[in-house]
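These notes open a run of structures that come right after.
Here come two complexes built around chain A, the first alongside chain B, the second alongside chain C.
Moving on, here comes the complex of A and B:
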């Protein structure tokens, strides 16, 4: 036990019981699991399951070792359904076999050669097999109508592929294939970048919530190396994170209005968003991918002039947004399309450990900003909106309320911001330490795991929130009219490039055995 | 009843806002003074130390080496405009601008080269750039003779110095280390 993290070395035979105890009895949320090739260090593979106890602000890490030859670890998917994807990912990338479950290819493309596991340390980072393109079709069912959506643009113009099975107008089943844009950045970072360069790489994981990723990475490294980052830097991080949340939620609302055919609302939401983009540029130097995070602090200070300007912009945005949302939410077509569609009941939401606004709209009261405080959030008081309906309207309203809360958080933090340096001078990052950090991105909890190495992380694992939310789509879309499908897919605010960062495609049709 | 007419209020909002688009490029672009744009490297000030090359996250700055030249190459196509190079440059040779209209017909316009001639050691191997050596001599209390040698020759001269002195601290240190 160290700080707010509990390390448990779980023997293989007790892993399932321990995971079940944590997930089902102690109601911890399951965040992700990380496979590590530790053969150069101790001759074993390892898998670390990350749980968080949100009520007691604790991280719980369950670490299990596997033999170097034919690594086998018991699967926990029977007791923790949410672990499905990350186990498959460890199987694809490291060749760890999970006993007691089916294996299928999730991340790597179907044509990737068997027996090559890219995240093993003996595979070079620039290894490129010849891969032929194959059809996206997942199955050739003739009994049901098959509607392909993608691989381009179903929701937010990113590559992913859904196959909807319909009876008449009603969706009866869904299959998903993603990971088209896996870019292998974890391998890249582990092979040839240094600690400070990875901040900029992490920021490019996502085009919308990039700052969450770079903050999460920096916080994880700082936690691993036990660095005391100046308070002012933490305040600036929190302020910029909230600016990003406002812009992201406004973007989502605009897109949602666009999907239901209310383009006037779309235009006006994005007009308001433009002010936030300008504000972000003023505070950081860039409209997006702010590039101000470093391990040990931030690069750009907020002076008095910028502070006043920020407050002024926020006041304008706040009043304009309130006025607009009241109008837009009451448009009959918006109401009819949002209320009661894409419902995710709470029991499934818990089982799948969904994140962010999707969880909060389904009655799960969790928010990493409050439950696992990081950066400067402990100095601000804010409300976490929770709705019980679990439909698209609830998810929209959660985001609307969060925008207003974010504005209030920024105002509070700007008021309290302490004086001092913004960057830690001279520090060392020792080898072999572990840091895990959850940051509440606009889409939910974003998890970064860092195991430090010489000059660069030995292992860096990123889990974006959409990774947990996509499996919930199957439940949301079931028995819904087809016309609501694009909106429902969009309602989790999917961010496929974030999710895919780890590797590329899956092959056969079996996925999401839940529900 | 009131709710039915609520959507109509959008007209009021739209009327109050007016036109928000600007006629770019006929009007100035909407950027703030804080915007991070193109970097400009001053060939006069650059000493070719390579600090920016180490800091650059996307390898937009690279050091090309030949026996008698060291060339700093900046490729705009890879640049992410993070300005880390500006942070780390010891002589302030890199300046940031708010320039972002970088499209061009000629691919070669995207490259900037800064050529440094190398100082040669007496043994003939090419060492660090001439300007970097001058910078080091200005800043550090070392003699020119020492600074102008290549690492190999420095090692040799130390061994020579040690072997000349049969007694004394230089010899002592060499034996214990």
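Moving on, here comes the complex of A and C:
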């Protein structure tokens, strides 16, 4: 055990039992699993399952090794259903076989050649296999109607694909295909970027919650290297994190109103959000993609003038927001469309280890800011809103309350912010250390795992909260009216840029430089 | 002749500018600047010069027919308001033509072999079954209540309270629902389906379809306004002016109402409307019976 992290090296034959004990007996949250090609280090592959014991503020890393030639590790999906996707990702990207389950292509496109595993250390980041284009036909059903949504759809802000199987106007089943937006971020970082550069790459994982990612990455590296970051920098990080949360939730609320046809609510919510964008620019110099995080601290300080202006803007936002919510949430059509739709019962929410407002709306009292305190959150007092209904309205109300709590958190931190430096001077990051951090993004817990290397991470794994929340859609959409499908999909506040990290190669072999 | 031409031009172009006014008003209520009032005209003109991709199995002639009927009706309303006194038969004829036009417009998407169009069309049909019936019934009750004494005349207070006003309330609601504004804009619910009834229209055909919908909105209000005015003011210039003013007022009122509401769902909207109409219809029907025997 080291600080708040428990390391368990699990023999393969005991992995499933240990995972079951952690998940079912100790009710730890399953966060993600990380496949690592450690052949250059010790001749093995490994898989690390990350759990968190939220009641005791502990991270539990359960690590298992596999042979280099034919890496095989027992699957834990029978006891931890939430591990399904991360196991398949490790299978796709590293070629690790998980015993006791079916394997399918999850993140790599169907035309990706067999036997090529992009995240292995012997595959260079600029390797481009020759591929042949493959067409996929829409699933045909003679008994059910099939409604394709995506990959491009007015209701979706990023490419993803849903096939809704409908009987009349009722959804009876759902097929999801994602991972259309992959930029090889992990491979890039591990191959050609240094520690400080990766902050800026991490911030570009997502256009809405980018700062959460860059903070999570910086904290993971700082934890691995045991760096004492100046407190003032941690306060600034927490303040900007909450600004980003307010902005994200306001954006979502506006979009949700638009989906139920209440465009007046959409426009007014985004009008209020404009003040938060101004605030972000005041504090960081940018409306979005702030670029102020570095390993060891931050690049921009908050002076007294900025502090006063921030408090003034927050007072305006709070007042206007409360007025808007009082009207908007009580519009009859908004209530009818949100209440009782897209319900996710608590038992499924627990099994799938959903995150963020999705979890809290289904009665799971979980928030990394309180349970696994980081940055300056331990110095702020705040409530974690929890609702038990699990429907779209509950998810909306959780976000509404979080906006008001975030405003309170920023006010508290601005009041208490200590004087001092904002950046650590002269530090080193030793090799071979592990750091894992969970940061509560607007959508839920971001998880960044870092295994330090020479000048750059040996392994960097990112798990965004939408990764855990998407599988819950199958339950939320079943037996729901078709009209509520986009609203229910939107209710998890999906961020597919965060979720998709598979290399995409054009089917005709063209190389395209993305972004 | 000149007056007729001006009336025709005004009648067929007014819906376009009223839609522009609606967009401007919505923007103001939503704290936006909004497009200019002529934006709808610009949009339609631009669509007219774009390529129209036609699906060969779609009977677009129905769209031409609907548009022609709507234009003819608009002209008929305005010209006849000026020239002759409306009576019961003329109202019945106008209402029948209006319903034919509305029904044809509703049926077009069902003839298009596209699941989105079909779903949108069925949504419109379900809503129309409730709404158009209520609209026709409320018009009938309204006219009957005013014709109760020989010739059209202002009804007595009991008639007004028990029959005329509830009929007007139903006419107002069903008229609003017929215009396809929130919460009844479920046919073309873009965020829900990627598209609805408009999916197979493009270019000039799309412009014609959109214009037909604008005429439909205008006609519904024009019909209600005509009934109100002719039963009070007779015919002539005053009649035309009053009718147009009431139509514009109704358009603005409907805009303000639509801004405050969200979109309903195809299973909720008809049920809610049906309950509302049944509740309201009991009052005038019972009232008519009581007053007849009273």
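We take it that the second predicted complex is superposed on the first by the 488 of 515 C-alpha atoms of A that agree within 3 Å, B and C clash if a C-alpha of one lies under 4 Å from a C-alpha of the other, contacts with A are read in each partner's own complex, and residues count from 1 in each chain.
In the analysis below, a residue touches a chain if its C-beta (ideal position, glycine included) is under 8 Å from a C-beta of that chain, and two chains touch if they have at least 3 such contacts.
Just so we're clear, the structure is a prediction, and the values are computed from it rather than from any experiment.
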* To do: Report for A:484: first if it touches chain B alone, second if chain C alone, otherwise both or neither.
  => second
* After superposition on the shared chain, which partner residues are touched by A:322: those of chain B (first), chain C (second), both, or neither? -> neither
* Which holds for A:268: it touches chain B only (first), chain C only (second), both, or neither? -> both
* After lining up the shared chain so the two structures overlap, which partner does A:197 touch, if you call chain B first and chain C second: first, second, both or neither? -> first
* Asked: Touch check for A:331: first (chain B), second (chain C), both, or neither?
  -> both
* Asked: If you stack the two complexes on chain A, which partner ends up touching A:72: first (chain B), second (chain C), both, or neither?
  -> neither
* If you stack the two complexes on chain A, which partner ends up touching A:169: first (chain B), second (chain C), both, or neither? -> second
* Looking at the overlay, does A:281 come into contact with chain B only (first), chain C only (second), both, or neither? -> first
* Structure fact -> Overlap of chain B and chain C contacts on chain A, residues 264-265, 268, 271, 331-332
* To do: Enumerate the contact residues on chain A facing chain B in the complex.
  => 193-194, 196-197, 199-201, 204, 264-265, 268, 271, 274, 278, 281-286, 289, 291, 299-300, 320, 323-324, 326-328, 330-332
* Residue ranges of chain A touching chain C (in the complex, touch as defined) -> 145, 147, 149, 153-155, 169, 257-265, 267-268, 271, 331-334, 336-337, 481-487
* chain B to chain A touching residues, read off their complex -> 3-4, 6-7, 9-10, 13-14, 17, 20, 30-32, 34-36, 54-58, 80-84, 87
* Residues of chain C touching chain A in the complex -> 26, 29-32, 115, 119, 182-183, 185-186, 189-194, 259-268
